[in-house]
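A, B, C, D and E label the chains in the order they appear, each numbered from 1.
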Amino acid sequence: MPDSASALSLVLGGDPTLYAIVRLSLIISLSAALLAAILGFPLGAYLALARFPGRAFLTVLVSAFMGLPPVVVGLAVYLMLSRSGPLGFLNLLFTPPAMIAAQTLLVLPIVVALTRQTVEDLWIEYRDELTAMRVGPLRRVVTLLWDARFSLVTAFLAGFGRAAAEVGTVMIVGGNIEGFTRTMTTAIALETSKGDLPLAMGLGLVLIVIVVVVNALAWSARRVGEVRAG
Amino acid sequence: QDQSIVVASTTSTQDSGLFGHILPLFKQKTGIDVKVISQGTGQALDTGRRGDADVVFVHAKAQEEKFVAEGFGVARHPVMYNDFILVGPKSNPAGIKGSRDIAAALKTIRDKQVPFVSRGDKSGTHSAELNLWKLANIDIARDKGTWYREIGQGMGAALNTASSMNGYVLSDRGTWISFKNPGDLEIAVEGDKRLFNQYGIILVNPARHPHVKKELGQKFIDWVLSPEGQKAIADYKINGQQLFFPNASAQGA
Amino acid sequence: MRAPSSELPIAIEGVSLRNRDVTIIDDISLVVTSGPPTIVIGPNGSGKSTLIRLGMGLVAPTSGRVSWGGRANGGERCAMVFQRPVMLRRTAAANVAFALRPGERNHRARVAALLKQVGLADLADRPARLMSGGEQQRLALARALARDPEVLFLDEPTASLDPASTKAVEDIVQTIAAAGVKIVMATHDLGQARRLAGDVVLLMRGRVVERTAANAFFAQPATPEAAAFLRGDLII
Amino acid sequence: MPDSASALSLVLGGDPTLYAIVRLSLIISLSAALLAAILGFPLGAYLALARFPGRAFLTVLVSAFMGLPPVVVGLAVYLMLSRSGPLGFLNLLFTPPAMIAAQTLLVLPIVVALTRQTVEDLWIEYRDELTAMRVGPLRRVVTLLWDARFSLVTAFLAGFGRAAAEVGTVMIVGGNIEGFTRTMTTAIALETSKGDLPLAMGLGLVLIVIVVVVNALAWSARRVGEVRAG
Amino acid sequence: MRAPSSELPIAIEGVSLRNRDVTIIDDISLVVTSGPPTIVIGPNGSGKSTLIRLGMGLVAPTSGRVSWGGRANGGERCAMVFQRPVMLRRTAAANVAFALRPGERNHRARVAALLKQVGLADLADRPARLMSGGEQQRLALARALARDPEVLFLDEPTASLDPASTKAVEDIVQTIAAAGVKIVMATHDLGQARRLAGDVVLLMRGRVVERTAANAFFAQPATPEAAAFLRGDLII
């Protein structure tokens, strides 16, 4: 990271270091959001449909875990992956895969809770028909997720937004190592602590632009799908 | 084989840009990647204690010696020093500008209840600050009031805070020189030899953590302590000012 | 492949359904056996739809019990057309395909045949939710037929149909009833009830007022309420 | 904050410092979530209902702003409120009101985006009836928000979760000043940087318990409302 | 307080409505003036509901124009009962109250009177979404009447009603039509059309096949399609 205050030129100039950081940020937050969606969509749908003892409790818990502090999640993953922790032998601490894993944990409750709400609202409408058709649990989940897919884009984007924006877990688990685990958010935190606020703001704007682009792509995909579905 | 080591260090070394200057030189010579994690001093030592770093590079002599004594580190080597400075508003609200007596200056600040920002994070700088209050015969735990702000953050954040509160803050010179948001702050007190700030480097004990890359880590330590490494440190300058003063050979540092 | 156990008789024994202070179904006992269609009639709010939902196992009674061929958990081979069918967010054809048993052979041919049967052959690719009220109701029938049921519950299935389609659906009902499918159907169209009924269940205020063979019912209702209902008098 | 590693005793012992920090955390994150709900519910509903040029763009933007980096929001508010900033005369920097304002900004897009999605799903159902009844724009917003109120609890809780968990804005805008602007999350970050991971984890658990309690209360309120509404 | 400008005549001029390759309404011109009820009939999917939605201003035509009393933006004093009415998540009474003009006096008395008019006086406090199909349809009528409309569009308003309620609703229609409210109503019940119609519009495949005074239409339909439709022949 060049230490010049000319944030603008850095941002606009296609600096290769910046490019690498942007790339890593995107890879990590998109991977985490995708993993969280792959796990969270079915889990959220299941939570909306299933009736089992403790379901209400689990619902509250998942909804509460939208408020998991990133630092705490980061620490928990850190303690697991640390050399003195149970998974230390994996040698994953301070690597991108560890960052993805930690962010997935952080984002998962968000995706599950929002999916649960969306699917539950649809389930109210579909319940009788699907029950009358004797559609089994697995197929219910698939059907509701498919039919709610356009609304679920918002759940995915909420997860992605959280992953892209947060700094706590990636800082602790990744270590903010230059050229290796430095992401946009940890770079912003670093520049802030160096007192280079203009550069920090400039990087922040770059990050926001990236997030906007990802959102615009997701929305366009959704739009295309909606038009095709009629 | 993976030619990289992890060094746990403090925010001051990272924020001052020193690593950005010396690591490429080391890499050029040895081909070894040094991954620097910059954390609070306590956290950096803890990272070493857990075996998550190969080398610890911090500035809190007492804690470092404890670290080695407890068997987590092989040996502590002095590397370099810089000095602390008392930074404060240009308007000189405490009237201590230009003083070379840190104890007297702190006393004045306490008496006039001028805003003072403390790191409050058990870092090396924070320990040094608490020591200085003691030297000034002030029981800061008793005397602290709304004028004394413990912010529990790194050096940069402390400077940012002091800048916006128009208060005094103890900083290491390296961070201060490279700091980009000085606002109305300037150096108020410097040059007192009680403001000395010694850095040490320690190899994490492979007997404790067998996976520690002791050869590569030792290579890094040897290089830092070598005339070549020491020169690299001395050569790091911002605006023509030297930030760190190598003293690997100094006795008892 | 037919499941070995039959859903019939469906036995509704001393069933009541209450929601807080409202009694929706009030101590009904009723056995549905194989044979010609059973037609359920009664004023709005008398409990026809609720009775059918109980018979499908969609709601559990507050008291009493419902059983299918003697089993407390049955109804696998029952199908139903709701009074307000809900279309899945897909095309007409996909809605029918959805209801087919998974692994069914000649998938596409069966979907086409079913759509043709209800007169929607031309609309196979139309998103189901954009279809007209009557089209949706017929699609719901195709979906129910796709399940190849042993018992078919129909809740006012021709309410939104034009006269010709109504006639067509009545023909379908008669055909499949003749083929051995048990039909239980709610309707407000007394002419239709007359044309299709083997026996008639008259509900009022959640109770069975009369249950008789169709001829007897329409020729000479046993109760004054039934007579008034047939005359079209306001009785709520 | 006592510096002992006996996290458990601290956490269980009803330490008065801890109590004050918990209180401040709750006040700030609840205030921010409530403010964001008061502003965000109508805004989200309006965005779901209104048709105006640029609406698609605004929708994408709001959805993207779910990914606003806390540090950037913090910096932006900081630069506004700092002595040399345009609002410096308010003297709000490093005070709880500033923290509430910054968190409200951070949380607002989340509440707006989730509300938009929920209300839009309901609007598909209500559109024709309300239009046929010639219900004006304001009343539409009110009607849809009211009829979607149970689903909107999730949007509120997502906002609250974010506010309760995040550390970036409160750290920068509040300054983590002991006894004054130190919150649970900044305290956790501090203990982490001191290397007292057990204490940090202990505080993290306390925070999670608090968030769970708030969620349980919100869900109970929702449940009571649902039962009363039939 | 009556708005000064009338909604009538509602002029539909050269209107078509297409969605991608589907032509839903195909170049219809039609003027609705005050007078006895206009009844819209036609097979499922012929475009009755869509035509009514155009007349309410709920959809904009792809081509052509619709105007209310000469104004392009009108329909303020039109009300409508949908084929599938949507109930707000509140009680029956609250649904009616919702539709009242804000600031109306005797709010509670009017709600009670309207519920009584559609035979739902006893169900005022029931959550509307839990009500039976027929109850909901009647509640939707009460809601439309609450708006005190000058023009009332009814889309198969008795499809789910029992015979007595159907009769009651027909009476309401005749009463308010006599009081000067213009009724435009779609139905599949040809007997009902005969009983209520001042004039008849026959739609097929999105086109107006015939529009005549009711007597003439039922006595001697002008087109073979109309004759076939009245006979109940399958013509789709």
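To be clear about the criterion, a contact is a pair of C-beta atoms (placed from the backbone, for glycine too) under 8 Å apart; a residue touches a chain by one contact, two chains touch by 3 or more.
As the structure is a computational prediction, the values presented were derived from the model and not from experiment.
K.L.:
Chains shared as neighbours by chain A and chain C?
P.N.:
Common neighbours, chain A/chain C: none found.
K.L.:
Could you tell me the least number of steps, going only between chains that touch, from chain D to chain E?
P.N.:
Step count on the best path from chain D to chain E: 1.
K.L.:
For the chain pair with the highest number of C-beta contact pairs, give its two chain identifiers.
P.N.:
A-D
K.L.:
How far is the middle of chain A from the middle of chain E, if each middle is the mean of its Cα atoms, in Å?
P.N.:
Between these chains, centre-to-centre, one finds 50 Å.
K.L.:
CA centre of chain B versus CA centre of chain E: separation in Å?
P.N.:
Chain centres of chain B and chain E, defined by C-alpha means, are spaced 81 Å apart.
K.L.:
Measure off the straight-line distance from the CA centroid of chain C to the CA centroid of chain E, and report it in whole Å.
P.N.:
28
K.L.:
Roughly how far is chain A from chain B, going centre to centre by Cα mean, in whole Å?
P.N.:
Chain centroid spacing, chain A to chain B, equals 35 Å.
K.L.:
For chain A, jot down the residues that touch at least 2 other chains.
P.N.:
192, 197, 230
K.L.:
At least two partner chains per residue is the criterion; list those residues in chain B.
P.N.:
153-154, 157
K.L.:
Going by the contact rule already set, what residues in chain C reach two or more other chains?
P.N.:
Answer for chain C, listing residues that touch two or more other chains: 126, 130.
K.L.:
Please list, in label order, each pair of chains that touches.
P.N.:
Result for touching pairs of chains: A-B, A-C, A-D, B-D, C-E, D-E.
K.L.:
Quick one: in the complex, what on chain D touches chain E?
P.N.:
Per the stated touch rule, the residues are 125-126, 128-129, 131-134, 143, 147, 229-230.
K.L.:
Once bound in the complex, which stretches of chain C touch chain E?
P.N.:
19, 22, 42-45, 48-49, 83-84, 119, 123, 126, 130-135, 138, 156, 159-168, 188, 190, 229, 232-236
K.L.:
Under the stated contact criterion, what part of chain D meets chain B in this complex?
P.N.:
3, 78, 82-84, 93-94, 171-172, 175-178, 180, 182, 186-187, 189-190, 192-197
K.L.:
Which part of chain D faces chain A closely enough to touch in the complex?
P.N.:
Contacts found on chain D: 56, 59-61, 63-72, 75-76, 78-79, 110, 113-114, 116-118, 121, 151, 154, 157-158, 160-168, 172, 184-185, 188-189, 192, 197, 200-201, 204-205, 207-208, 211-212, 214-216, 219.
K.L.:
Within the complex, which stretch of chain C touches chain A?
P.N.:
Those in contact with chain A are residues 53, 56, 58, 75-76, 78-80, 82, 85-86, 88-91, 98-99, 126-127, 130, 143, 147.
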